[in-house]
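Here it is, the structure in full.
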Amino acid sequence: MTAPNLIVTASPHLKDKDTTPRIMWTVAASLVPVILTSAFFFGISALLVITAATAGALLTERAVGRPNALKDGSAVITGLLLGLSLPPGIALWMAFLGGAFGIGFGKVIWGGLGQNGFNPALIGRAFLQTAFPVAITTWPKPGGNFFALKGDLFAFPFMHPSSDAVTQATPLGLFKFEKQLTPIVDMVLGTTGGSVGETSAVVILLCGAYLAWKGYLNWRSPVSILLTVFVLGFVLHLINPAKAPDALFQLFSGGLMLGAVYMATDMVTVPTTNKGRWVFGIGTGAIVVVIRVYGGLPEGVMYAILIMNAFTPLINRATQPAVFGTRTLKQKEAK
Amino acid sequence: MTAIHVDAAPDATEPIVPGAPPPQPLWLDFWRGIAEDNPVMIQMLGLCPSMAVSNSLENGIGMSAAVIFVLVCSSLLVSLLRKVIPGEVRLASYILIIATFVTISDLVMQAYFPALSKTLGPFVPLIVVNCIILGRAEAFAGKVKPVRAVADAFGMGVGFTLALCTIAAFREVVGNGTLLNHPLFGPNYEPWNFMIMPPGGFLTMGLMFLVMGWWGERQKSKRAEVTP
Amino acid sequence: MILQAILILGGTGLVFAIFIAAANKKLKVWEDPRIDVVSAMLPQANCGACGLPGCRAFAEKAVGGEIQPSKCTVSNAERIGEIAHFLGVDAGQAVKRVARLACAGGSNVAMQRAEYRGLNTCEAATAVAGGGKGCAWGCLGFADCERACTFGAISMTAEGLPVVDVEKCTACNDCVVACPKQLFSLQVLDHALFVQCKNLVHGDGVLEQCTVACTTCGKCALDAAPGLISVASGVAVINYDKIAEAEESATERCPTGAILWLRGAQFARVPALSSSEAA
Amino acid sequence: MAFFGFAHGVHPPEEKGLTSGLPIRRMPYPDELILPLRQHAGKPAKLCVKVGDYVERGDPVGQADGYMSVPIHASAAGTVSAIDLWPHPDGSYVQSVHIKVDTYALQAARPRLVPQWEGLTVEQVIKAVQEAGVVGLGGAAFPTHVKLAPPKDYAVHTLIINGAECEPYLTSDHRTMVEFPERVHFGCRVMMHTLGVTKAVIGVEKNKPDAIEALERTKPKDLDITILPLTVKYPQGAEKMLIHAVTGVEVPSGKLPVTVGVVVQNVGSLAAIAEVFDTGLPLIERIVTVTGHGLKRPANLIVPVGTKLKDLLAYCDGVTPNAREVINGGPMMGMSVSNLEAPVLKGTTGIVVLTDEEVRADTVYPCIHCGRCLEACPVFLNPSWLGDLARVKRYQDMADEHLADCMLCGSCSYVCPSNIPLSQLFQASKVALRRIQTAGAA
Amino acid sequence: MSGHEHSHGAPEAAVVDAGSSSVRLIATLAMFGALAGGILAFTYQKTLPPIRKFAGERVEVAVREVLGSPAKLDTLFLVGDKLSKTPPPGADPLEAVKVFIGFDASGAPIGVAVEEKAPGFSSDVVLMVGFNPQTSALTGFKVLAQTETPGLGDKIIKDSSFARQFPGKLVTPLKGDKSATSDPSTVQTITGATITSKAVIKVINKAVETWKPRLDAYAKEGGK
Amino acid sequence: MISNLAWIFFSTLLINNFTLAMFLGLCPFFGVTRSVDTGWRLGAANTFVLVITSISAWALNTYVLVSAPYLRTIAFIVVIASMVQIVEMVIKKTLPTLFRELGIYLPLITTNCAILGLALFQTTRKYTLLEGIVFAIGAGLGLTLALSLMASIRERMDVADVPALARRMGLVMIIASCLSMAFMGFAGMGSG
């Protein structure tokens, strides 16, 4: 018998076939239908913005991240989601900067993949929101020629973009500042103003359902967010319909779907326990509604998720299940 | 327990004050505050004003001036009075001294630099509790001779000024496109408001630490190269 | 107006001074101020080599006269002198000890039986069939000790053996604890006789595993003072109680170099010197 | 049919089909047997032969060294050819007795070495079991006589028999239950009698319907034995999980099963007890599943204890050219073997040979905090956090986070998409913690 | 700890604070307090005039700006619910609630200026509002205090085209709109700072609403 | 009345959080946030001192300083410092372990901007005694919240593979930046 050239490894010697890159790339791929829908509504502008944000994210990861970090696919998701959360008419240099900031300060500095405490895409967006508040709240009208640019996309870097595009307030903005309601159908289908990825709730839900079925996203956070927003929205609307829009409007407006399905499920920045995911979701949903109804901003999904990201370590601590046998041990001691 | 047998009594000329800094040349007392014991960057004290008023260089300069004034005056006085003040009311006395100088500088600022005083707002009276000043009184001025106390205070003040003004200049340039209110990049510059808001303050400070960290790492690897 | 101000502040000062004076009488906790001073003079490495949970604990004991300043192995002689002078006590004497490695089986001389794949730490590899190294006692070379040494005294050779810089080593014991194969021990620097092998397999068969292993041929024991060296357990063992009788001649007939006469750093006689050793 | 199970756990591919249909065959004696004196949990046996001695099959070569120890017996007649340090499957070197098998000996039945069971007192049974060198065959090789004499302050009410065999690939327990159900029941009878319990439950994963059927068919009428089908899930066979599935009770952390009134025995151990009292010979052979895609002819074999792995694999027509890893035990809990000179021990449940492609991938990604390991860990630890702590060597903090409750089942490593060798980290940390504690105590 | 006992015998006892007597402690603190009080009162006396001067000047500059450089200014104080030329007894004229009336070179009234505030995005927006009490037409406004978001809310100061819209608008009341309009009582709000823009409008409406009746009443009574 | 108090409480806690939005009390925010336990204990101590401060400041304002407002800073600080020193002595005597843990930060609580800041804001906003106390509790819990969040994130970062150059304080500042960015979501609350 020929003796094999032996290898020794640690047990277990079997391994589930899911790997981190596989999960990441699948999630990235699942965003393709969402991106195509955006392109349908906003034309080439949507694609340009997403490309710029992704380029910012990838180049930064390449330049300052760990070697080979691009291969795991997480930076692509960050870039795509950032692009999807920006207005389609934003200057490309800003989108690029957002991607770079999100990866640089939202991820690499923390130690790279898996270590960051806040959602990098949202850190990038929050930075842009604070840095360039006007540019990021200028919402071009959807539709029109596919190749028409929806704003001053090619503004010179670091220079002020001139906004002469036709704008249309978002349904949430319209409600908050003009007290006008937008028909739900428009929002479900995505024919309203808003950021690139706010277009079609249905497509996002379908992609999310696919991922949940594959086990790549944990359904608890999105479901608890959507449920909380619905219930709170319903109650507040009953109390004060002038201030709080109805629950369905809450569900289908703004970035709620994208946030709930893709951002509140980023395993890195949400609790690791299932109970914790419920807490996270309920907290996020509640903050979303509170900001929308009582806050100064029309939309609160980004801030809600970031705030709950901050609470994630505390939630993890609080929702750790009792170790097997410790409960009986306590009971025994009590006796 | 075993009693200690004392053969070598401590130096009789200068009584040993617990925790007193070892004697040093005067310029080192001064230099320490600027470099290796920089109050902001190394000791991480006095962070509140460094963040709160550092959104424009003008504010930074005004704040620094007030801090240097208070720091030097109170260190001098604390050092002069170090033998008079009983240990139990040490802190309270220091604070009284510091608060007096702070109030003076606040009143003077209100009277002669009203606009600056308005933008600095409560952060001038808050110099009282700026950890640097009390920290220096407690750790240094209360234990050494006046000359050293003043040298140290001045060094700390300059160190604070350097840190604060660097942060302030950076924030103003990026966040507003101006330096001391002069536009730098022309009218079309899109200012990064982020920088002059609270998160920008933290970020700028973070950037300074990153630069320091990077420098430290570089030094370390250089040293490693020299002595393989 | 001035009078009013004087009254207000003077009064406030008075009231609180009375409070503080009262509280002071009742509540003061006395602590020897020299503890702070000594604590500040210590290296603050909190390494625990002195056997106490940290530098402050050491300072407390030193001030209390319960420990000699020299028991801090990290401070240099000068510093220890200062502390002793400040406390007015005898510094005590320290014998310089260093960490020594009981293995010389680098990758050039020791056989590897199976390829190990997994975490690159000695600790983890030990758990996987001993890391696949032919010799079950030998150094795995994943440098757990190097990482454990807070004084940067350990560096790995190209053959994967840790070299201890005897100047930098403070005998803090960290590497002794870190090595899962328990290969390090603290030895008096001046004790030159040392066995750098732990393989218990008897006879020349052991050379299959490692060419610098102890074959228990017993030549060293024969050449040494009686009772100084024994080979009964499967490897040469030195009785350090009799170290005064040791002579270099005991090592001269060793066919493998497992026992050696050490001056300064270890591995001076290992033929293929690593770059860091050569410098 | 209701199934019983536990929370969490994983579903690795089973691969039991390679051997589950193959009847148990006897392996012929090899030329040389290696009998390490340390084969069981507890104190190693004390050598009682010298080189040149002739031993008969079943003669002791090592005596029990105290209560927490069992003797080692020669598995074949032959000459003691050497006594030296020899490779052990766990990678260390252990003092072992080499026996040059006497090819001309009959290796036949001898006068009883172990007395008849009928009529023995409880103490006599326990003594006989110890002298027969019986240990748990479920893997841990814990001396069985110790388990037969639980401390008097606990009232044992149930004997649980572990027929789960949740490890993928392994089928030795499965085949034992299918082919020797009477032995299992007989072993059960001995144990119930000795423990003084009236109730026994045999837990079998429901993926072995033929075993359940065989056990049901041969169930003695006079004993209260329940055969309980269990959910198919790893690690269903872990003692605490099994007890939870059967009784619904959690064994307190850090405590033994007796504290909740149960004793767990592996079916193989029961069959071994039955065999010992039946044949009168001590434990000198066991059923081993030799399997894996890297092996040419997988089989369930009765193997003399002490057979070198080399010889065992050769008997199975050797390994395929792409075989790279040999595992002692199942692929989830078993250990890689670095030296095929090492022998089969009393506790060897199976030998699995993996091919090149099956060897676990090397690339480790950072933990993405996906929480899969938390959902896999059957004892509700937080392997992700423990892994982080292990990486920065915060062992004391790990102990505070209940590292001691980790049973190294490997479920967490199995599911981790980042391929982090969590259970390896925990195993190493446990060792390190022990070392640090002894260093601290010294 | 045992250190306490041995220290008494050791010469280092000099190092150790022997524990000051309570009297000394109390005396020190009280004396320091008194001294500090004295010094501060002195400084305060010296700096008070310039501080007050500045405060007065600041208001005056704002008033002049919103009224378009009047030749002459009159100050009326609110006493109870009535306006009067003298401040309420005992009150500091600087702190009192008041209204300024501006006159051009010919002595004809141009308008009045009042200070008013309302909550903006972060906190109160404080304005000096100038308007003509007869026609309710605005003469202008100046921001006295605000802490709105830089780059957004602070455009009410920095964006001159916003402030330029106001002179001449009729407060009947004033309204805001997102798009440019030529409506005489509507101004265009700043994109991205609707809330702050609306706060400005709120302040102006409030100023006119509360002060117009008072001024009317004062005028009716013949300006006494 | 109740809603006014509730508003003071929540706005101080979340919207104008002392640490994250007003830059007060940063020294302990960066200095004592290595572990959640210490963080929240310091927060609790701070809240306690803040309440004492609020009451003292109110008393000084109403009874002593009416005629000499320019002595405010000095009077506040002296009174607060003395109060804290007394409290410190009590803790040192009764809870030595707690004292050891919070080390030099206990006296530094006095000289923490948040304390004097609270007294000054309370004065300029003309809060009543009750409002002042609610304000102090809100501010204290806000500090505690910021400290606990920071500490919990830092605990997690302790085991992360942070690049060497960010290890000392760099990352901590960036965490603060992210936290303060997140809490900007509450900005403008109550205005809309």
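Lettered A, B, C, D, E and F in written order, each chain numbered from 1.
Everything below uses one rule, namely that a residue touches a chain if its C-beta (ideal position, glycine included) is under 8 Å from a C-beta of that chain, and two chains touch if they have at least 3 such contacts.
Predicted model, so just to flag it, every value in this text is computed and none were measured.
Annotation of subunit A and subunit D: jointly contacted by C, F, touch as defined at the top. Placing every chain at the mean of its C-alpha atoms, the farthest one from subunit C is found to be E.
Relative to subunit B, the chain whose mean Cα position lies farthest away is D. Looking at E-F and B-E side by side, the one with more C-beta contacts is B-E. Chain centres here are Cα averages; for subunit B and subunit D they lie 67 Å apart.
As a whole-number value, the distance joining the C-alpha centres of subunit A and subunit F reads 33 Å.
Centre-to-centre separation of subunit C and subunit F, using mean CA positions: 45 Å.
Mean C-alpha positions place subunit C and subunit D at a centre distance of 40 Å.
Residues of subunit A found to touch two or more other chains are 5-10, 105, 109, 111-112, 115, 127, 130, 133, 296.
Among all residues of subunit E, those that touch two or more other chains are 2, 6, 10, 12, 15, 17, 25, 28-29, 32-33, 36-37, 40-41, 44, 121, 149, 151-152, 195.
The set of subunit F residues that touch two or more partner chains comprises 68, 70-71, 74, 78, 82, 85, 160-161, 166, 170-171, 174, 177-178, 181, 184, 187-188, 190-192.
Pairs of chains in mutual contact: A-B, A-C, A-D, A-E, A-F, B-C, B-E, B-F, C-D, C-E, C-F, D-F, E-F. Contact residues on subunit C toward subunit E in their complex (touch as defined above): 1-2, 4-14, 16-18, 20-22, 24-25, 28, 30-35, 60, 63-65, 88. Contact residues on subunit C toward subunit B in their complex (touch as defined above): 13, 16-17, 20-21, 24, 33-34, 36-37, 40, 64-66, 85-89, 275-276, 279. On subunit D, the positions that touch subunit A within their shared complex are 10, 12-13, 91, 168, 240, 244, 249-255, 260, 294, 310, 313-314, 318-319, 321, 323-327, 331-338, 340, 352-354, 358-361, 365-371, 374-375, 378-382, 384-385, 402, 405, 408, 410-411, 413-419, 421, 423-424, 427. The touching residues of subunit C, counted against subunit D in their complex, run 113-114, 117-119, 121, 123-124, 126-132, 136, 173, 176-177, 180, 182, 200-202, 234.
Listing the residues of subunit F that touch subunit A in their complex gives 36, 148-149, 152-153, 155-157, 160-163, 166, 170-171, 174-175, 177-179, 181-192.
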